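You will see two complexes here that share chain A, one where it goes with chain B and one where it goes with chain C.
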Partner chain A sequence: MRIAWLELRRRPSRFVTATAILALLATLLMLLGGLLDGLLGGSTSAVAAQRGDLLVFSSTAEKSFVRSRIPPAQQATVAQVPGVAEVGGIGVAQLAARVPGKGPRDLADVALFGYELAPRGVPAPPGPGEAYADSSLERKGVRTGVTIEVGPARTPIRIVGTVNGLSYSDHGTLWSSADTWRTTINANLPEAGVGPGVFQALVVRVDPGADATAVAGRIDRATGGATESLTVSDAVDAIPGVSQQRSTFNQIIGVTVVIAVVVVALFFALLTVERTVLYGVLKALGATSGTLFGGVVLQGVVVTAIATAVGAGIALLLAAVIPPGTIPYTLLASRVLSSALFLLFAAIFGCVFSLRRVLRIDPASAIGGGQ
Partner chain B sequence: MFLALKEMRRALVRFGLLMASIGLLVFLILFQQTLQTGLITSFVGAIRNQSAPVLVYSVDGRRNLQGSIITPDLQNKIVAVPGVGSAGEIGQGTFSVTAGGKLTTAAIIGYQTEGLGSPTTLVSGRLAHADGEVVALASSAGDGFGLGETVVVQPGGLKFRVVGQATEIGYQASPTLFSTYPTFEQAVLAANPDARATLPAVIAVAPAPGITDAELVTRINDAVPGADAVTRTDAVASTPGVAQVQQSFQVIFVLFGLVVPLVTGLFFLIVTLQKASSLTLLRALGAPSSALVRSLLFQVSLVLVIGIGIGIALYTPLSSQTLGSIPLSFQTGAVVLWSVVLFVLGLLSALVAVRRVLRIDPIEATTGAGLGR
Partner chain C sequence: MTTVGQEQEQPPRPALEMVGVRKIYKMGDEEVVALDHATLMIGADEVVALLGPSGSGKTTLCSIAGGLLAPTAGSVVVGGQDITGYNAKRLAKFRQETVGFVFQSVNLVPFLTARENLLVVDQLGRRTGKAARDRADQLLEELGLADRRDNLPSQLSGGQRQRVAIGRSLMNEPQLVLFDEPTSALDTELGEQVMELIRTEMKSRGTAAVVVTHDERIVHYTDRTMHITDGVLHA
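Our next item is the complex of A and B:
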């Protein structure tokens, strides 16, 4: 172990290229993960923030807000279901907004939510014609105190506060009362119009200790199959493209980890071949195969740790320089940590390829016994 | 060459690992290239493969069929612009439908005038002419959208019959149906009785004789402030999300593309250093530097060819699959391009090892200095 450590300190140049390659792979892993988190966050964070246990859609809506309609009578039925503590309607309309001071073609994409139960990070519904705006819209000039005009009918909405990290379908969100949402959608999206008291979905909080899945089944039975109730996390996964994006990126990340394993294996197999004579001498002096292999693993882990740190630095730099609204990239601490763990596994597993060669070294070769 | 091959046979694990890593990298690059193309086609194929040369959105639509609404007043202003040869309405909606006995999602695009919004990649059947007729995305035939099958809008129960199939007409990664405009209007009203009206999402226009598509775009945008006219090509490129997908993949391609030459270069540099004494001896015995370099480049070329071959072999069966709702296809151009790029980069990366070989001094065979490091 000590010799391996000394070699790392005194001959760092020997490990530079392998470190560079692994740093590139670490950057790739974090970049891929950051893209996945960015894509998912941009599509789902507003739904994931719902402070409820279940979301209820109409059964023919295929879990789509746009196609779902829950009339007032159905909402009342759901509220009576045993195990339901609280019910609130929710709806969304994706529109463009004109912002004061911006050009006539420089519009902001917004997703206007109407809600009854406030999601995490959102205050109680504001007054008529008012909304809270997600902070991502600030770069488009949507700030507290500003009145924007939403949709082709130019419905005025005054911004009365800011919320953070709530996007839907890559649109910054606006959070308004149900009536403001209904007025706006009917004025601007006649094909998607909603009747009085109608919502697109319901957010349901179940009684403390109640089984949310069982309550979901009871709700759907109570409405005669007119509704489809699912947990919030299932509703997030049901957003079009989310599960496909997640599985595709995870497969790409998996193959990248395999490549890291192969690269580590290749590099340390080459180093082990180079050190065969040295290892023979060390074995002749009493070093065990375990000690020698431990040295290889130590070097692999140190090289990988440095590469991961470099990769994380580059990934953080990318997060800082990528302009908002271009590449959907969000680097989470959990993603950096999981990437580091994947690479650590790759380092140790890759070094195992060298174990066979270390075990095969005959101490007698040190004094010419192998010749 | 004989020695080069013999060395590779004797160190099969090392060369095998290198070929495997190159193969996996090539596979990943090709797969992602195909995924990118498949994603974009499944999101905007319907715009790319429709017949209108110019599409006019409302400014509020942000180049998104789902968000754009053309009011009658705006439509009148657009069609009155000098240079408009012909115009027709196009509507789009996403609906829940029953197809093949299953509830699923489908995008319906209704066009008023054949040749201004109708699909251009028909592979079987015919275009829709009557109410209730649709042309379906060919790759969704297995999901109940095959020729002659019936698709039912839910709720509402409005029935469509598939009378034609066209390739690469997907929209928003959903099975996509092209119908006449009245059929589209019926679908909207059947699915949502609360709908106040059915307005077109875009106006499809063709220029009058002597006017180019680009000139018509400029004229409409100058004359009608609320209109956002774009050519078909620009409409595809500027659809929300398309540029982001392309930029994201470009970054990934560049990084993966860099790993291949780095791994190859490092491997051959280390191997060259390891056999320094043998190479010096060969030089002392009269082997010219060019022979040693040829031998090295032969090994590099062989490793790259086999590695790239492994990548293509892994990619080929996957390229004919459907990933979720995204049909993939074998990208011959991408295979050729990446094979050439990675082969050239791999060869260039071996130049460091070549330089080391050229620096060998045969006299050092008598001193044991070898390459020096």
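Our next item is the complex of A and C:
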């Protein structure tokens, strides 16, 4: 191990090529992850931020807010189900809004939510005709104090505060009371109108320690199969396009990890071939294959760690310089960590390909034996 | 005859005893006998030359004596330790602790200094730390390399590299040191100096040595010469 470490320190130039290629792969991995998280955040962050364990849709809605309707009686039934701690209605309407000072064609696409249980980062519902606006709408002029006109009926909504990082289907969100949402949807989308007390879905918090999946089953049985209850993460995946985006990006990320494995495997296989004589001598002096392989893994891990640090630096730099709202790029700490773990796996797995070669080196080769 | 109160002096234990050692390689359906019933004994501080042409089996004999190869038949005892049935792991430990090697092309680790090349032996084996560092410094001093201890092999002359290799072979205080063509890469004068050094170092430490060579001139520096031809050893 010490010999391998000294080689890294004294002959860094030998490892520059592999480090550079792995740094590019690390950058690509984090860039892809950042794009995926950015895209998913733009589509799902408003749903993912719900402070609940379950989302309840009507069973015929195919997990869609637009098609789902939950009448007050059903909400009351759900509230009585054992294991349910709290229930709040939620609904959303996607509309275009006119912004003061902007031209008639320069509309802001908004997703207006009406809610009872406040999601993470959102205060309690505001007063009638008021809403909190997501900060992503600021570049469209939607900021605290302005009154925008929503939809073709030009329903006035006054912005009374700002929330951060909450989007839905790539629309910036507005968060209003249930009554404001109903008034707005009925005025602007009469074909999708909702009656008094009706919501599109319910956010359910279960009792502490209760099994959310079991509670979901009880809710659906209690409503006689009129509802379909999902965990919040399943509801996020049910948003149109989310699974496809995730699947596509994960496949590209998977291929990138495989390429990293191949790079590490090829590089260290070549180094091992180069070191056949040296390893023969060290084995003759008493080194075990395990010791030598440990050195290879150490070098692989150190090279990959340096490459990952460089890749993370570049990815963070990109996150800092990309103007907000231009490219859906969100670099999360969890993404950097998972990319680092993927690359660490690639380093160790790649080195394993050198193990057979190390095992096969005959110590007798050091003095020309075995002939 | 021994009298009461007088300790009986034990004869020194041989450094190497090989009895009826055979080594057969399989090459396809054919068997090649590389070493044929070799029997020899080398005393505790004996320096022996092993002469033979290329392919005669001298390297095979040396490899078996050093625990690098397992014999097909026969027994091998080094410093009183019967290594005949040792597996790869025990042989590795045996090599760490009991024998020293000096290879034909020296084969120092190129990115380690002279001192670190000596310390490799300790790092692979007993890990005695300061004791090993002191021993490395002492060996380098004795070999006239004290002022070269921090030089890389590329900064040393051929003779200096050979001396570092000799120092490395002595780091684990071996019972037996095996020299594989130690003078083949050196000119005559340097070769003689190295052989003189080998003899002096072995004799001063009471360590046995086998010097594998095809150079008849070095026999002047050894106590005994053995010849090997077609795998058959002639005393």
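Assorted remarks:
Keep this in mind: the second predicted complex is superposed on the first by the 356 of 371 C-alpha atoms of A that agree within 3 Å, B and C clash if a C-alpha of one lies under 4 Å from a C-alpha of the other, contacts with A are read in each partner's own complex, and residues count from 1 in each chain.
To be clear about the criterion, contacts are C-beta pairs under 8 Å (C-beta built on N, C-alpha and C of every residue); 3 or more make two chains touch, one makes a residue touch a chain.
Given the structure is predicted, the values throughout are model-derived calculations rather than measurements.
With both structures placed on the common chain, the touch criterion links A:Ser64 to chain B but leaves chain C unconnected.
When the two structures are aligned on the shared chain, A:Pro152 is found in touch with chain B, with no touch to chain C. Within the superposed three-chain model, A:Thr291 lies in touch with chain C and out of touch with chain B [touch as defined at top]. Between chain B and chain C, B contacts the larger number of chain A residues. For chain C in complex with chain A, the residues that touch the partner chain are 25, 34, 55, 59-60, 62-63, 66, 68-69, 89, 92-93, 95-97, 101, 103-104, 107, 109-112, 116, 120-121, 123-125, 168, 178, 180. Put simply, chain B touches chain A in their complex at residues 11, 13-14, 17-18, 20-21, 24-25, 27-28, 31-32, 35, 58-62, 66-67, 69, 71, 93-96, 103-105, 154-155, 172-174, 188, 191-192, 194-199, 225-226, 228, 240-241, 243-244, 247-248, 251-252, 255-256, 258-259, 262-263, 265-267, 269-271, 274, 323-326. Note for the complex: chain A touches chain C at residues 2-3, 6-7, 10-11, 277-278, 281-288, 291, 362-364, 366-371. Of all the residues in chain A, the ones that touch chain B in their complex are 17-18, 20-21, 24-25, 27-28, 31-32, 35, 58, 60-62, 64, 66-67, 69, 94-96, 104-105, 107, 109, 151-152, 170, 186, 188-195, 198, 240-241, 243-244, 247-248, 252, 255-256, 258-259, 262-263, 265-267, 269-271, 273-274, 326-329, 353.
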